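You will see two complexes here that share chain A, one where it goes with chain B and one where it goes with chain C.
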Partner chain A sequence: MKKIIVVLTLFVSFAASAVNQAFFDGVIIANTNQAIGSATNITNSITKSDQQAAKANFANLVRDWKKVETTYLLGDLNEDYLDTPRYVDIFHGNNEDIKSQLDLIIESDDDLTYALYKHSHKTINALEYVLFTKDITNPRVKAIALIISKSIASYLTEILDGYHTHQAKFLKSEQFASAVLLNTLVAGTYKLKEWRIGDVVGLSKKYKGKADNRRAEYVLSGNSINAIKAILQTHQQVINSKNYKDFGDIAREYKANAEIDTAISHLNKSISNAKDMVDSDLDSAKGVALFNATSQLMTSYYIALMDRLGFVSKVLDADGD
Partner chain B sequence: MEINPLEYLLNPNKRIFWIFLLSSLLIALTYLWLNPREKRINFSKKLWLHPSAILDYGYFVFMAFFKVLVIFPILFGAKEVALWVNAALLGEYGYTRLEGFSYAQIMFIFTLSLFIVSDFTRYWLHRFLHTMPMLWEFHKVHHSAKVLNPLTFYRVHPVESLLFGLRYSLSIGLVSGVFIFFFGAMIDIYDILGVNILAFMFSLIGSNLRHSHIRLGFGEKFEKFLISPYQHQIHHSKHHTDTNFGGFLAIWDWIFGTLTLSKGVGRLKLGINSDDMKNFGNFQNLVFFPFFAIYQSFKKHFF
Partner chain C sequence: MKAQKRFAISSVLTIAMAATTAQAFWGNNEANPILSTYADIATANYSDALNDAKTMQATIKGFTDNPTADTMSTAKASWLMARESYGLTEAFRLSNGPIDAEEGWHAQAYGAPEGQLNAWPLDENMIDYTTDAKGNTTSGNIIDTAGMFNPGGENPTVVNVSTITADAIAALNENGGDANVATGYHAIEFLLWGQDQDYANFMKDSVTNGALVAGQRTVADYTTAKNADRRKQYLNAASALIVSDLEAMVAAWADGDNTNYKAALLGNNSDSTKNIDEKTALSQIFAGLGVFVKSELANERIAVAVLTPSEEDEHSCFSDNTHRDITTNYQGFKNLIFGTYNGVSYGTAPVDAMQDKSELMALIKSADNKVNQMNALAQTSRHFDHQIRPNDSQAKQIKKLKNELRAIGDQMIYVSRANGIDLTVGDVTDGEETKL
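Presenting the complex of A and B:
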């Protein structure tokens, strides 16, 4: 009982103490700003027709976008922003074959303003295809790449503006803020272990026993592990950072050391597993170990979520009549 | 783990939390003011110091210890069930989030669902305790009370206590697991002092009078929806033990044909049949006689 009260208090207090302006600025805003910077850099490289620099900057954009995506909670603050991430990234969100559509657009001479009419044509996935399979010295390819990178930068700026406009809603309610943040972590961990690792290593329900590296998120650019690392680093920013009072600090203040240590331990294990991996390792034993570690991380978040509900303390005597 | 029977008075999750006792007392005093003829029995020493009542007091202290030391450690919790349900749904349907509901709406639906499902399972377990011969042997412990007082609520055999604990874990865990699957951490309940607001409100309106001799009914119309204290006392009478199984809500009794309204029910003879009553006259028998009775019945049927 005492343990549950401690953890319950921890989660409520987390919002009160850790989800404050320093946390919001240091994680949510800082990551979005960094992603806007990466999108700007890639736009500059494309403008200069420097494909190598553009490819290098793409890796940075992947890293920084994943950080924004991992703690994306703007849709919970204002539902107008629920779909914004899908305008930037269609991984597991869209079944259409954008590669053949982009090929057709490149080969045609239609006005690009109209040709690239779909959101999916202007996503990070489309940019990867263009940068890593086409030649951006070709004026039409370059123009397409620029439209995409500017679109991504524009949506990231929209996200930043949205956070500034709606941050009060996040900061004013402890209960709401902790729920939203925990949901974001849980959702992100599920997608990480099931889609980004499980589908590749053949451990997801959909692809059980059928490992295939081609299902990796950024198979063309080899940035899949880069994305996974960025996601895990963002979890570290939320639960185990040295720069501001975070979730772990609050947990310790309330003596819930064991609970937070379990989550951090699973996170560290995941980070350690991913550390020396490259994309081609995903369908190997290393990928299996990473899948298991992230599964445990997800479970530890769900346990935290259950504790937040304080099951024992909210129902009257379980005896009969 | 802390063991302190007095904690029952201070813990809002307990039936005899002091606020619930106080509200019941106020309702009882008002009732007696309006029905002065019933003062005699309710204030009588014979009632409060009846051997059956004294047995209730002692048994309550025993069960407070026994639950903490024996029952709780072997029970799996609602949290484990919720984790399992959520994991099973995740495995079957993948990550799912229902959008379009506000936090307040989700809280309202979750609070209501927990209350209704909990009350529904409580009805059925209580009914099974009466209709299944083996379970009835354990539930006789509760019905062997010759007089009623708020502590009679705790005159429950450990096996029954275990079953109600399991019922709680399964029903609350199931509802929570489903809601967590659809809404993640965006769920919580409306509560008062940490208790489901609906359970708290219904407990305020005389829950401790269910086990008392205050014959408070709610009227014909209301008693189809809410179990009144008198309806529960009727359930404790020898001739009506097969009716009024409901906890807070009477709708389950109404729907499933086990409802008896207060109107028209005369004098109550509490307890079970005389032959059985003598088997539950002391502390040891409350604990061990049900096992003996089941053994005897088993021997009679199979040997």
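Presenting the complex of A and C:
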């Protein structure tokens, strides 16, 4: 697996007037609420055994969860929430073969409360497998799908409650808020270009020259580009929104105009490249172009922008097992 | 099959061991007091670990000579005792020392035996029978193959196990892959306790049911059962290897030998090319301590088990001694940063130079409480494998312990800085730790 560690050290001289309540409510809280709504919708579809609706709602859940994940900083506000995302999503974070495990669970007659004891069995990845390869009119499959969708909704609600409870830490310290936000953007951009695009198109360090569409994040449902678009849209919410003071505005206050303009340019290019793509395009020239644009976006964040704003950054990545 | 949890030393700190001509002669210079304290604790700790291993070897011999419930119980007790002192030594890992150095003269001289001593998690199915996920008894293992054994995996080498010797199991260890563990404490643990895990579903716990029940191998496996004599051979071979490996560690850290690793660490090796630059030594030790507590203990030994959750990923999954593994590993770390061993000060400690220890001490106090709680419950209420169940209130506490231990690992940056060594978060984190 690939491992990334982003380390940020903030120079004492940096004292930005950080993102404010409008940003917090308009991005962090609003995106989480939207994801909860999508999880609820998918639960309703499953309850009605409406597989087509459930599949359509799954696309919305992917979109909205990726937005929550892209700016997930609750673990920085309270360490009790450090691990919450891995209860929702195990992409690149788990070596388990959940497909065969879920098959065994479906075939067995074990009480599902115990059979689905692993957190990975109740993730969005497990839900994709069940919805797109199984028949939810089967009572046991339906019961499993419901347990998963309700678990996701529960964790999203936990995240929302956590943000409300611990938002003061984000809002009261401008330096802290800026640091964790930029940290989240940088780490997320690495995963975007390396895992979600590079591994598929054969441009990541791990899979150089070995393109394979089966490595796409949502290969079963064809929602991989949907996820990538959602991630890029969230970056736009963070650095280039007209609705509230965002991170781009702060960068300009600290005379990082050229650097933030460059970042926005690479972000817009990435969004433009992804706009008309479908999952099967990842293993093509379109995928290469998207990889290059997101690589430039990451570089603009973690080298130019960080440096200009007075952060010291260090990004490590290594091939693991 | 699980990948063995063993790390390379942080690439950021892959600093060549440098000779210092000024320290070429025995006793010409005063050794750095922190290094002296560290080295003296190593001398004492490895000596204790060896003595306990020898006791374990003797009781295992006694058990295999006369297998009864009593002698089996004595052998188990000696294994548990041996784990206490060995667990403390694990804090010496990941610091380019003799236990696991990947290169250098000392890697050759002492054999870097960590993987042979304490590899885990192991594929116990390779050693002896188990009950698989479908309730069937497995076969095709080292015990029941009286001839040439193929361990399987990637590019395996066939080994003659007509007689199970130390050489044979050493040749099989990690032969074909990291999970093919044939030697060390955990191989003995499996041969004494047997399977505890229900591979089908650890929540059902149908193999050895009960929150305070570990593996239940019977004495019959060593008396009337098929291959009883081969199990005896295996136990004696494995314990002999542990003793010989720890003898090498004791030699590496022995006093009064100006050719060994301890002399080199303190700049007193008679071969000046072997002496380690003081700053390099301190960097490797501080970073190693950080990586050990943060990536190995907190991440591999706690986080993987509790966040999956997975009984297979608890450290001593046959004996349910994981709470003691965590406790001794943590205590070993504390020994080295506070310069103490068995409650006795061994001299200048890394934390002595810190102007402000408040954050570190607060983290340690909180982690101490959680470790104590985990131990108390493991002895009276439920073992670690039940404490990590998702519906158990302890799971949340163990996750908090994991977070605190990772924060303590990061504190090594400040411990290090107080002693004139600059480290980063990357230096105290293994880049290849399991991503969760």
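Methods note: the second predicted complex is superposed on the first by the 279 of 321 C-alpha atoms of A that agree within 3 Å, B and C clash if a C-alpha of one lies under 4 Å from a C-alpha of the other, contacts with A are read in each partner's own complex, and residues count from 1 in each chain.
Convention: a residue touches a chain if its C-beta (ideal position, glycine included) is under 8 Å from a C-beta of that chain, and two chains touch if they have at least 3 such contacts.
Quantities reported herein were computed from a predicted structural model and do not represent experimental measurements.
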In the overlay, answer first, second, both or neither for which of chain B and chain C A:302 touches. first
Given the touch rule stated above, what does A:114 touch, chain B (first), chain C (second), both, or neither? second
Given the touch rule stated above, what does A:187 touch, chain B (first), chain C (second), both, or neither? first
Could you tell me if A:135 is touching chain B, chain C, both of them or neither one (first, second, both, neither)? neither
Using the touch definition from the top, say if A:93 reaches chain B (first), chain C (second), both or neither. second
With both complexes overlaid on chain A, does A:161 touch chain B (first), chain C (second), both or neither? neither
In the superposed arrangement, does A:82 touch chain B (first), chain C (second), both or neither? both
If you tally the residues of chain A touched by each partner, is the higher count for chain B or for chain C? B
Do chain B and chain C touch any of the same residues on chain A, and if so, which? 1, 79, 82, 314, 316-321
Going by the contact rule set out above, which residues of chain A touch chain C in the complex? 1-3, 5, 7, 79-80, 82-83, 86, 92-96, 104, 110, 114-115, 117-120, 314, 316-321
Touching residues of chain B toward chain A in the complex: what are they? 1-2, 13-15, 77-79, 82-83, 86-87, 90-92, 94-95, 97, 99, 103, 114, 118, 122, 125-126, 129, 139, 142, 153-154, 156, 160-161, 163-165, 167-168, 172-173, 176, 180, 184-189, 191, 194-196, 199-200, 203, 210, 232, 235, 245, 247
Under the definition above, what is the set of chain A residues touching chain B in their complex? 1, 76, 79, 82, 175-176, 178-180, 182-183, 186-187, 190-191, 194, 205-206, 299, 302-303, 305-321
Could you pull out which chain C residues touch chain A in their complex? 3, 11-12, 133, 201-204, 303, 307-310, 389-390, 396, 399-400, 403, 407, 424-426, 429, 431-436
